[in-house]
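The structures come next, written out as structure tokens.
Each of the two complexes below includes chain A, the first together with chain B, the second together with chain C.
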Partner chain A sequence: MRRTGWTALPVALLIAGASFAQDPVAYFRQNCVSCHTIGGGRLTGPDLKNVTQRRERAWLVRFITNPKAVINSGDPTALKLKDEARGVVMPIPPGINRELANALLDMIEKESALEESQFKGMTIPTAPFTAQDIERGRALFLGREPLANGGPSCVGCHTTVGLGGLAGGKLGPDLTRVFERLQGRQGLAAWMQAPATPTMRSVFRNQPLQQDEILPLVAYFEDRAKAPAVTPAGPASFNFFLIGLLGSVVVLVLFDIIWKRRLRSVRRRQVMDAAKEVLHGD
Partner chain B sequence: MTDTAQFIDMILFIVLPYVAMATFFLVSIYRYLGRAFTYSSVSSQLLENKQHFWGLVPFHYGILVVLAGHVIAFLFPRELLLFNRVSLRLYILETTALVFGLLALIGLVSLILRRITEPKIRVVTTPMDWVLFVLLFVQVIAGVGIAVFYPWGSSWFAAAMTPYLWSLVKLQPDIQFVSGLSFWVKLHVVNAFVLIGLLPFTRLVHVLVAPNPYLWRRPQVVRWYRKPGGELAESKTGRS
Partner chain C sequence: MNVRSQVSMVFHLDKCIGCHTCSLACKNVWTDRRGAEYMWWNNVETKPGTGYPSRWEDQDRFAGGWEKKNGRIELKSTGKGKIIFNIFHNLHMPSMDDYYEPWTYDFQHLFNAPEGPDQPTARPISMVTGDHIDIESGPNWDDDLGGSPVYAKNDPNLEGLSELERSQLAEIERLVFFYFPRICNHCLNPGCVAACPSGALYKRGEDGIVLVDQKRCRAWRACIAACPYKKVFYNWASGKSEKCILCFPRLETGQAPACFHSCVGRIRYLGVLLYDASKIDEVANLPREQLVDAQREMILDPHDPDVIAAARANGIHDSVIESALKSPVYKFVKQWKLALPPHIEFRTLPMLFYVPPMSPVMAARNGDGDTVNHVSRDFFHDIDDARVPLQFLANLLSAGQTGKVRYALRKQRAVRIYRRAKTVGDVGEEEAAEMLKQADTTAEEAEAIYKLTSLCTFDDRFVIPPMHREEAIEMLDDPHERRTAAGFGFVDQPKRGA
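Then we have the complex of A and B:
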């Protein structure tokens, strides 16, 4: 217990950073809206409207502060929630503690009482996207059209089928099937509004995607998800490596040519000349 | 993420960088003030110069170009991301970076093999040199591996690594940028800090007093007037 104590304190201080005395509205916007709405229907996680009436507060606080522990304890409600989220386990919200969990629940209670909560989520059109939407999404993905708030374009870390050339990045996951993974338009849009993974959250925290950028990107991903099969990422990496290897061989040859009069040609000739002198001269 | 994983990340990405930088500055200055004549690459070119060329030249040009790329991404992330907006430009930049990364790797492997196979060179190799070779090898192989398997680094370095490094500079470390990255990227970052921390204890100090004109001056000719029999007639080192 002592060990957990002395590790947990600096971790909470340094990693959670600004979460202390944090405004629950700002906290919810930054950490929860990628999976939850209040009155906007289910995303990856359940709609939280009136959640304080559905469950006991003590249980909710316990779950919010450590979802995995509650699930692992075999709690039937937690297991049911996990099933409904297709096995996705809610991560421990960064910097969470009992006070913050209670503040969040108070805020959710207030928001639930409103006719329309600010966390209702984006209104996503149900009509089919147009070819222009998809094309603009592709331009945003590739960075041809820069993101308005200065965020990096997707292609630096992600790829999808049909990009051509040497394809997209592979630091992050392949996004060809992300539309299915995040369960459609609503879930995908919510995720892009407030990305849930540490790297994405950090990168986009101060330069979020705008709503008019999210929609075309959703259109692009929806279109990619229809692609027949996922091409393996192998060939692009291999081709890239081969091009690099070829390039370095060319540079090595260049080095040899540039320094053709290097030390070797001076000294070795002298040594050879001297050797000849010794052989023939004596 | 568990507490333990977060704790390890804190040690590796907050404590280690500051310890490394402090060691780097303090020991470099101390060594320069106290033992300035040890500031040297301790060249072994005189003992063996054929394989030396195929190690030294590709390694130095490779590593210098790649390091310059890292510095540019650190100083001008926004401009770099704008440059990468056009896929062709991104691909050309990344391929160039890979070419020079591979040159550094080829050069380094050649230098390590030379140290192992040349008896004359092995004699003048210290244990710290071997430590340095291992660290450099890990660094360069991880770098090339990242370039190939986790593209496109020029973009994601600017997006995620640059803010992390600046958070260290500003004394407000934010490891969320790096905590979710893959093992190889983390290894590359951690090993880089280890190298910086160890730099003043190794022959790498020569980078701090690098005679930059060496990069473009004409080759230097060192003449030995030695009779093949071994008798030293006259030895003279030329300027050039």
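Then we have the complex of A and C:
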């Protein structure tokens, strides 16, 4: 007992320190706003205004700390949420625990009471985008125009249809249909504001996209989503293979020319030549 | 004058019977190990033939040795500039096929084979991979095949021979070959030493033996490409280069190297030469046709008091100078001018010399059936007409100059006739004397050549200088300090826990 007491104390302090060090407002801004608003309407995820009144707090905490587990357990409410989100499953928020979940819920409760929450989300014009917007989005996507905060351009990891040639990167998912997946302008824009997946989060946390970069990118993705449905993975990767093959051949031929005076087979060639002479009746 | 001593060698090709005893003696002592199976520090080649590795003399392909560029000699294979572009791939490495894939036989199968309708056989097994192989070549694959259309026909020394001479070489009635035993030449201007980026190769100061430091070797293999004689080998198991060490542990204890010791035909001679090391650079840069003479010039007369004084001043022990006085190599190379350096046009200044072989006697008889074969006053008529064309020997032994080879062959022939006049008596003394005169020799010299060629004892052939390791070691290690620090009983100082 004594021993447990001695070790439990610093561990408890450590946990408490870690959770209370997280400011729920900052945490929400970094991790949640890509899918949720408070009073700004639905994005990928539901509007969280008054969520504490709609559902039991215990259920909420359970869901927040491990959404997938709750969905997999066959919980009817969770399954309904998944349907509403068109099958997008909420990722486990980084560093989440019960204390932090409770703190977030407290914060949401407070924000819901306000007239206008700071997490109302950004407003996106509903008018059709111009060709210029789309063109600029394409330039940003391809990295022809660098991102103002120094973030890496999309094409490094992603691709869409209509890029031709080697197309884009294969590291991240194909973004042709991302406009639909993230439920339109509002959702897409919110996502880009603070990307929630582990990779995007760590890449863009310190160099976020700017408002005037997000809009053209949304325009570009909206335009891509209208493109006829093709499976770009097929031809693009085959192109890549062909270009790689051709490149290797060119390089090998080049090496052969540069080092043409290297020593090649001596003895075997001698034997072959002699055999040839015999065959041709020399 | 910077006098140094070099343990040098002469191989008397006229006496070589091609028995390969030397090769086996060497193999059994030094290269019967994993990674070294394919190495033949000593090998015997049939000429005309392409040798081992195949066509090693063709430096357009193998890029060994030095070439003159802008008035200075440079290594053909590597250099400070060239190595940058070829640092990941050595361009001029012979492949295993150019040497041969070493093999043994599956002898166990003869004993363990299950009963069956056929006799069990011992199939060849690669000593590198352990798999069954079809043997395609070996280190003396073209042995005794003077007319082979694969190997003899591709001998690089056939260059400059007329079509007639070439076709005659292959004619069955005139078919001829001789043997060419080879070891490391322990050159004065060794390409291997110059090429090594790690400084692992060195030429021993006291006796000129070229060695690879197994601790410093970093497997660059530049030496293998740079040696024009292809006498440095890469041990694929240890990852180090190895080469003929002239059996220095034997020399240091007063014994002849294994290949010399075992030579059945007694073709091998070994002795000290004193040479002027300050001339190496100048000589190696001379035009091709001056190389043979210039190298002879470098070799100093050990009887000359000035040379003796300079040698002493350079720390050469009196006993070594004494040994140089008795050196059979000095006689063959410098005094009699019978022995010639192989392919000196590679400019490494080899210190192994060859006495060119006499061709078989032509079937020219006098009308009365007498066997005397000089039919006119031109006593040497069949030397230029020999079965082995003079140009071929010259390409091999004197950078293409037939004069040097002709001189050596005429002298040898004169000695034969002289001895014939003395012992058989079917040649007149007068004729013999005339022949000696024309061959630029005297009766005394002929007698000496005869004795050292035919009646040579072990001690005549091998005049091994005292190696004075106790002095040589002082150059590297102070014996007193060594005794008090490490003790004499250890090569490496023992350390706790190491």
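Observations on the model:
As a convention for this text, the second predicted complex is superposed on the first by the 240 of 282 C-alpha atoms of A that agree within 3 Å, B and C clash if a C-alpha of one lies under 4 Å from a C-alpha of the other, contacts with A are read in each partner's own complex, and residues count from 1 in each chain.
Keep in mind that, in the parts below, a residue touches a chain if its C-beta (ideal position, glycine included) is under 8 Å from a C-beta of that chain, and two chains touch if they have at least 3 such contacts.
Worth saying up front: this structure is predicted, and the values here are computed from it rather than measured.
By the touch criterion defined above, A:274 lies against chain B and chain C together after alignment on the C-alpha atoms of chain A. Touch criterion not met for A:148: it reaches neither chain B nor chain C. Of the two partner chains placed by the overlay, chain B and chain C both lie in contact with A:262. Of the two partner chains placed by superposition, A:69 touches none, neither chain B nor chain C.
More residues of chain A lie in contact with B than with the other chain of the pair chain B and chain C. In the superposed model, A:203 lies in contact with chain B only, and not with chain C.
Taken together, the two complexes place residues 259, 261-264, 266-267, 270-271, 274, 278 of chain A in contact with chain B and also with chain C. For chain A in complex with chain C, the touching residues are 259, 261-268, 270-271, 274, 277-278.
For chain A in complex with chain B, the residues that touch the partner chain are 4, 7-8, 10-11, 14-15, 17, 92, 94, 142-144, 146, 150-153, 155-157, 165-166, 168-171, 197-199, 201-203, 237, 240-241, 243-245, 247-248, 251-252, 255, 259, 261-264, 266-267, 270-271, 274-275, 278. Listing the residues of chain B that touch chain A in their complex gives 1, 3-4, 6-7, 10, 14, 45, 49-50, 53-54, 57-58, 61, 78, 81-82, 84-88, 90-91, 94-96, 98-103, 106, 147-156, 158-160, 163, 173-182, 185, 219-224, 227-229. Remark: chain C residues 50, 53-55, 58, 61-63, 86, 89, 91-95, 97-98, 136-137, 149-151, 153-154 touch chain A in the complex.
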